[in-house]
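Next come two complexes built around subunit A: one with subunit B, the other with subunit C.
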Partner chain A sequence: MSEPAAASVVPTTDPSTYLPSQPISGDLTDQMLQTDFWTDELVAAAGIPIVDIPFVTIGGGIGSFVTVDYLRIAGVPTSQMRVLSTLDFPWQTYEYLTRVSQVPRPERIRSDSASRPDNIWGFPSYAVSEAIQKKTLAPLWSVFAEPIFTDYYTPKAGHVFENLERESNRIAYNEMLVKGLVRIVRRRYGGGYFTILTPPEGASATKRVAFRSQYVHIAVGYPGLKFLPELQRYRTENNDYRHIVNAYEAHEHVYERLVQTPSTVLVRGGGIVASRILQRLMDDREKYGAQTNIVHLFRTYINGTNDGYGNEGDARPGGGRTRTFMRRRGENGWAYQGFNYPKSVWGGQLKAQVRKLDGEQRAELYKRMGGTNTPWRKSWQRQMNQGRREGWYNVVVGTVEDMQPSGERILNQVRTAQGVVPLEVDFVIDCTGLEADIAEHRLLKDLLDHGGASRNPVGRLNVDRNFELIGTASGSGTLYASGATTLGGYFPGVDTFLGLQVAAQEIYGDLAKRGFCKRIGPVRSTLQWWKWLAGSAP
Partner chain B sequence: MAATTAEDWSRALVVPGAGDGTLARIGPVTLLVGSSDAEVVKPYLEHAEMVAANGGQGRQLVRGYALMLSTSVEQSPGFAALAPHTTGLAVFIDGDVTVTVDGEEISGADSLAWVERLIPWPVGSVSVALAGNAVPAAGSSYRLDGGVVPAGSFAVPGDLAAAQEVDQHVSQEVAPMAAADGHDGHGHGHGHDDTPVPTAEDIPVVAPAPVASTPVVPAPVVAAPEPPAPPAPAAPVAGRPLPPPPADEQVSFQSVLIGDVEEDMDDFEPLPIVDSAAQVVKDSPQEQVRGVYCKNRHFNDPRVLFCGICGINMVQQTPVLVNGVRPPLGVIVLDDGSVFQLDNPYLLGRDPSADERIASGEFRPLPIIDQSNQVSRVHARLEMRGWDVVLIDNNSTNGTFVHVPKTPDWVRMPPGTEQVLVQGTRVRIGHRTLAFNTHAGASS
Partner chain C sequence: MLPTLNGRLQTRIFMLVVFGSLVTLVLTPVLPGDPDHGTTFIILATVLVLGIVWELIYHGIQQFRWEKDWPTMFGLITILNEGALVWLLVDAGVVPGIDEGSVPFWAFFIDFSVIWFVIWVWTNGPMRVPLIRWRFFGGRIV
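Right, the complex of A and B next:
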């Protein structure tokens, strides 16, 4: 083959160039993909430009936000950190998921007053700031009397987002944000890591950009939802997206239609989302006079005190019943719990207990405190009772074997204890939020295959007490992870606001020891809190 | 006979010579590749086909091969490609191939990269040979009218002798065809009036027809040294030989007893009666859009956060825009609760069924039954554009009103304008309200 430079015809780039486009340079090579440790030369030889940033966080959701917030307060300038994300603002995914699962901005989320991702001190809490803002004592009474005399106080979604926005402006989050898709993180020969980012098309000269950094933080959140296999099958086979919907996608048309035409809806699942969907259906009945019949399908029917293994009498490894101090209330199929974890995981005896456990024992405790549950709320309970009394709310226990279109309706074959029962409804709302495995996430799978990461007893990423990913150290560099992908570690409740803050605090502590940031001592803490209050940059 | 225009060239005679390369003649493009390995030859052939399909422009040929050689090809087997251009014949040579045009020899072996030339019309004889292969002899009886064959060289003879030989070939073939063609004797009135079929008797007759048949002739005759023979009679003869007419299909007759037929008839269900084409609804719309695949190979809008089928986060895979079949984009819920799935465009109005676009199957009707007399016959239409649903007002008398969520007021669309509908948009026509809903998870 002759030298292209000696060409007598210079190839042009005008639109009439009709050959299929050639891959532009600056892409990952096979050699790179197969190498666990990358040298600077290897990356440079592939034509990928290298950017030096000491700390990068991948994900750009609330986990990344809380971590950089901590580090900013600990005195790290924005030039030292980058957030690599496809999101425009940290609460984008969170807001989307809450909105479609019937928690729009004016509704209250399921998180307590002190978990403030925008305020590392948790003071003043959401209840206090809401009371001040609205000049009312109701929120204060609520936090004072909860959970005995009133329901748990929970902040409004809109209030949370507004405060996140304020804090993100204060710490100059946008200066640190780099848009793009992170393809891979690999250890660097000689210490540190390479993070390969695919910027949006046209944003950079090359297809990939490499970030060379000493510390990498991964907070990519849930790998995604996993719609039920029968839902996926129904959609692909029948090309019908409107009769069967998942609670985590926009499905407003179902409610529109229900208000206008008396119909029957099958709701599947027994978690917080199912209770939100039911509440929406019942609210529409009350407000707009919808004549909706609700059939509620439980897989496991909870009829009394229970824990993560199920009802009192259900089988448990090693036998036995629920432990007196580790059980929750339940009735009518539901398991009730104020938050998705028992409150003591954030700062009580459960936190202390899990920190000392390893292997199977830890997995066992996780199982015991886990399980699907939902908070008990007064108005919702009243509506449910009304439905049972008036006969428009019915419960079925079983699993769906098959779903087929039947005219404009859906024919479900439900396997119950009494055999397979046909159930014809107009709409199916699936509220069983199955989570995908972490290996579904490309970045995490690569870390498991090539980065030295491993799985914990629960099957997620194995992190140490300081949220360092075990087995991924590279020279003086450290790889941290927080959020839902690390569930099952020494700290439970990682996928909550407060859990993310606990993780961020541990990571900050580790980084302070390594000299990356200053320690937040009493003086700095006080000073920084006043700056937070005043809204001035840290 | 010399080729004086691009059209002449595409009708020229091509004589293949033996060898272990691959010769292709696709329309006006002629390509000789020094390899008989199908895999090696394939990219060259594909490009030649593309150029031929685009009309066979020499410049396109040269640019394409140059780009191909400078980017993707590792080891070139050596090849030569020829295609006509408005001002001359484009010749592209790479590797050890020799092209001789009117006695002038051009070799790719002398050059580091490729060689490309534009040889101005008229072009006489052309011969191309791979290294170690001889140019076919002057009297060769082989010829290639189109297709891909094994060959080591080929020649386009420009001399009269060759042309006359072709005459005989052509006339022998064509004469019976003309006779079989019809009973009007001369083959006229069969769609090729412009190119009278030459017969052996026609040769000495000066026929101006071919010149007249080529509408644009830049008259290069002034400068061009003509070959000794009068060119005019040769031109039609050397024209692209016509393929032999397909023989009449022999359909053997089979007689069946009527009684048997009737028995068979019982097995058939009567076909449904369809009054108009609008009643025929395609089960699966096949319109193609640009979208991305999720990790589990489900096709999605490039703007969504989560896959619409399996729910996986779309960040799991680097988005690559590809064509795919568009899934339904959402639904329209009328205020009486009727639901219309948006996989086809709709015409909205008092009586949209009368519109011919419904009859042609282009649109589906969405009747708006309203007592208010404020709905036009065809009031507005809903179209799918990429991944968007667009509402277009049909210059309606009483207007189409739109309420976008998070905005305070209903807004009347200016007549004839269009609007992209977002999740939750409400549309008011007369006294009826429609709501647009989509499951697509756009984040904002």
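Right, the complex of A and C next:
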């Protein structure tokens, strides 16, 4: 059994660069690790320097970014906030993941036109700014006619990153950024929190630095993305990291080989990442004449209208079929949906509905609207249809029972409805996107063990409607969390650009009530929007 | 748009009262056939009252959509059914305070289209600037 963290495909910072080998002063003591509430004296006695900052956000990805963006617009100066992060810039992890999963800068991501993490108003939307920038009406037609006559408009990854950079400069993000790793946040005796940062080697005289603050925000992203267990086992046992890859790790060598040598690839998964990988494989056939045979393995084959429980006739609690008012389209194995949730979770009916639900009922609705899905895109349909016609794109439905090396190839035993079928391929690309449990993230585990945090009906961090982490209040201090770790709360769609902004708005609102920032009423909002447009500081 | 029923009604009323009134006030004196402000404002009120019924119907149609959204295009093309119904009622003299055949078609057409277009554009973008919560709460203003 391998160390769970070792199975993560997301690049994590090498701990050795943050843990100097020479023992130096200012480290955590056993007494500290065993104490849920820390006094100022306890921290000082350990020789850890204390820095007073009212608000810190941990993570430094897009979740931290949109939150400080809101607060900057609400009048908070940079001196009052710190972003504690191992990342150099907020879109670093996001850009890595999109790039390797085949969405480089010129390609379009799966996100709505008005989901702009660099602009709290979502106006002008990406479509409008692309139309102005490129002097073309095409994006405007696209947002007008979507999704009836055209595919949903989605922005190019590069466009998103360039605008994030502009906003980052505008709000002086770098003034707030402190590099380092955070594994512990503990409540402070007397109110507020201590956040322990381990700075990079040489950046600090002590091994740790403590940030004493009234408010803490946690946006550490996915706790980890894992391989399917059988794939991980095969890789470790056969020491083969070339032929079995996860879509979220760098695997350009696979495409290079495929262009040179006709091969068979097994693609596993039925979501957006599988669509992307298939697109790349099919693009390479078109552009470079690759002779790739694609075998696409679905665990669940969708053949018509469906919901999160599966096809129309599949078993669902309480029996019955898909509901007339709650079903989506699907065919050829795929469930079709524009974005990763039904659109109204970001502001309409489903958002309002989930906000009122608790426990079982909430978990049920999440399940019903969930399920693996991908958008219906004209170009993908054309490519797959061509592949089916010409016989180089084939679908298998089932699960893999066993994998063995067979020369340079891999022999899979696939359990299907017709029995076990052998399937020999040259490469396997895992697009299943299996996510790790939140307890595999050290900071989150510490919060569950020592910080008073608990799990929601879906098993992630239990946050309230204002994204306060329930059970972690400390005097007048508040701990907030947003992003993927909070999935399953009163607001679905947390792990998306717009979801992070919805959370940021709730957090800003709560902090405004507590007097930490100004309220963004119609006048402030409008003035601030003009500043955004002009590119001047908030 | 991602409206809830409550949000639809609030947005509809807000838009017609603010932008509908503004456009009607400015436009009436230059409309062909010289309708007075009394007439144009009665028509505006008719649009508002019928609009509430239309919103109930649209909300019902929206339930058939998995996404529970209301595509941008729907917001524009509903000018056809709504405009046609109001015109038929106005022209037939069914609307209280307006005599049968007393409103010139082009005056109605211009006033109605300009209001509709202004509201549609405003709803699909600029509205988000002064009211940051509006788009996340189904179009609710309060």
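In the analysis below, the second predicted complex is superposed on the first by the 516 of 538 C-alpha atoms of A that agree within 3 Å, B and C clash if a C-alpha of one lies under 4 Å from a C-alpha of the other, contacts with A are read in each partner's own complex, and residues count from 1 in each chain.
Operating definition for what follows: a contact is a pair of C-beta atoms (placed from the backbone, for glycine too) under 8 Å apart; a residue touches a chain by one contact, two chains touch by 3 or more.
Here the structure is a predicted model, which means the values were calculated and not measured.
Engineer: Check the residue A:V100 against both partner chains and state whether it touches subunit B (first), subunit C (second), both, or neither.
Structural biologist: In the superposition, A:V100 touches subunit B alone.
Engineer: Tell me which partner A:A145 touches in the superposition: subunit B (first), subunit C (second), both or neither.
Structural biologist: A:A145: touches subunit C, not subunit B.
Engineer: Look at A:A127 in the shared chain and tell me whether it touches subunit B only, subunit C only, both, or neither; answer first, second, both or neither.
Structural biologist: Neither: A:A127 stays clear of subunit B and subunit C.
Engineer: After superposition on the shared chain, which partner residues are touched by A:A250: those of subunit B (first), subunit C (second), both, or neither?
Structural biologist: first
Engineer: If we overlay the two complexes on their shared chain A, which of subunit B and subunit C does A:L225 touch? Say first, second, both or neither.
Structural biologist: first
Engineer: By residue count, is subunit A touched more by subunit B or by subunit C?
Structural biologist: In the superposed model, B touches more residues of subunit A.
Engineer: Check whether A:T261 is in contact with subunit B, with subunit C, with both or with neither, and answer first, second, both or neither.
Structural biologist: In the superposed model, A:T261 contacts subunit B only, not subunit C.
Engineer: Which holds for A:K343: it touches subunit B only (first), subunit C only (second), both, or neither?
Structural biologist: In the superposition, A:K343 contacts subunit C only.
Engineer: What part of subunit A is shared between its subunit B contacts and its subunit C contacts?
Structural biologist: Overlap of subunit B and subunit C footprints on subunit A: empty.
Engineer: Which bits of subunit A are touching subunit B when the two form their complex?
Structural biologist: Its residues touching subunit B are 1-4, 6-12, 16-19, 22, 86-88, 92-93, 95-96, 100, 181, 183, 198, 220-227, 232, 235-236, 239-242, 245-246, 248-253, 256-257, 260-261, 436, 440-442.
Engineer: Residue numbers of subunit B touching subunit A in their complex, please.
Structural biologist: Listed in rising order, the residues are 47, 50, 54, 60, 62-64, 66-76, 94, 111-116, 284, 295, 298, 305-313, 315-319, 327-328, 330-331, 333, 335-337, 339, 341, 343, 423-424, 435, 437-441, 443-444.
Engineer: If we count contacts the way the header does, which residues on subunit A are in touch with subunit C in the complex?
Structural biologist: Touching subunit C: residues 114, 120-125, 128, 143-149, 324-329, 337-338, 342-344, 346-352, 502, 505, 520, 522-523, 525-526, 529 of subunit A.
Engineer: Quick check on the complex: what are the subunit C residues that touch subunit A?
Structural biologist: For subunit C paired with subunit A, touching residues are 1-4, 7, 62-64, 66-69, 71-73, 76, 125-126, 128-133, 135-138.
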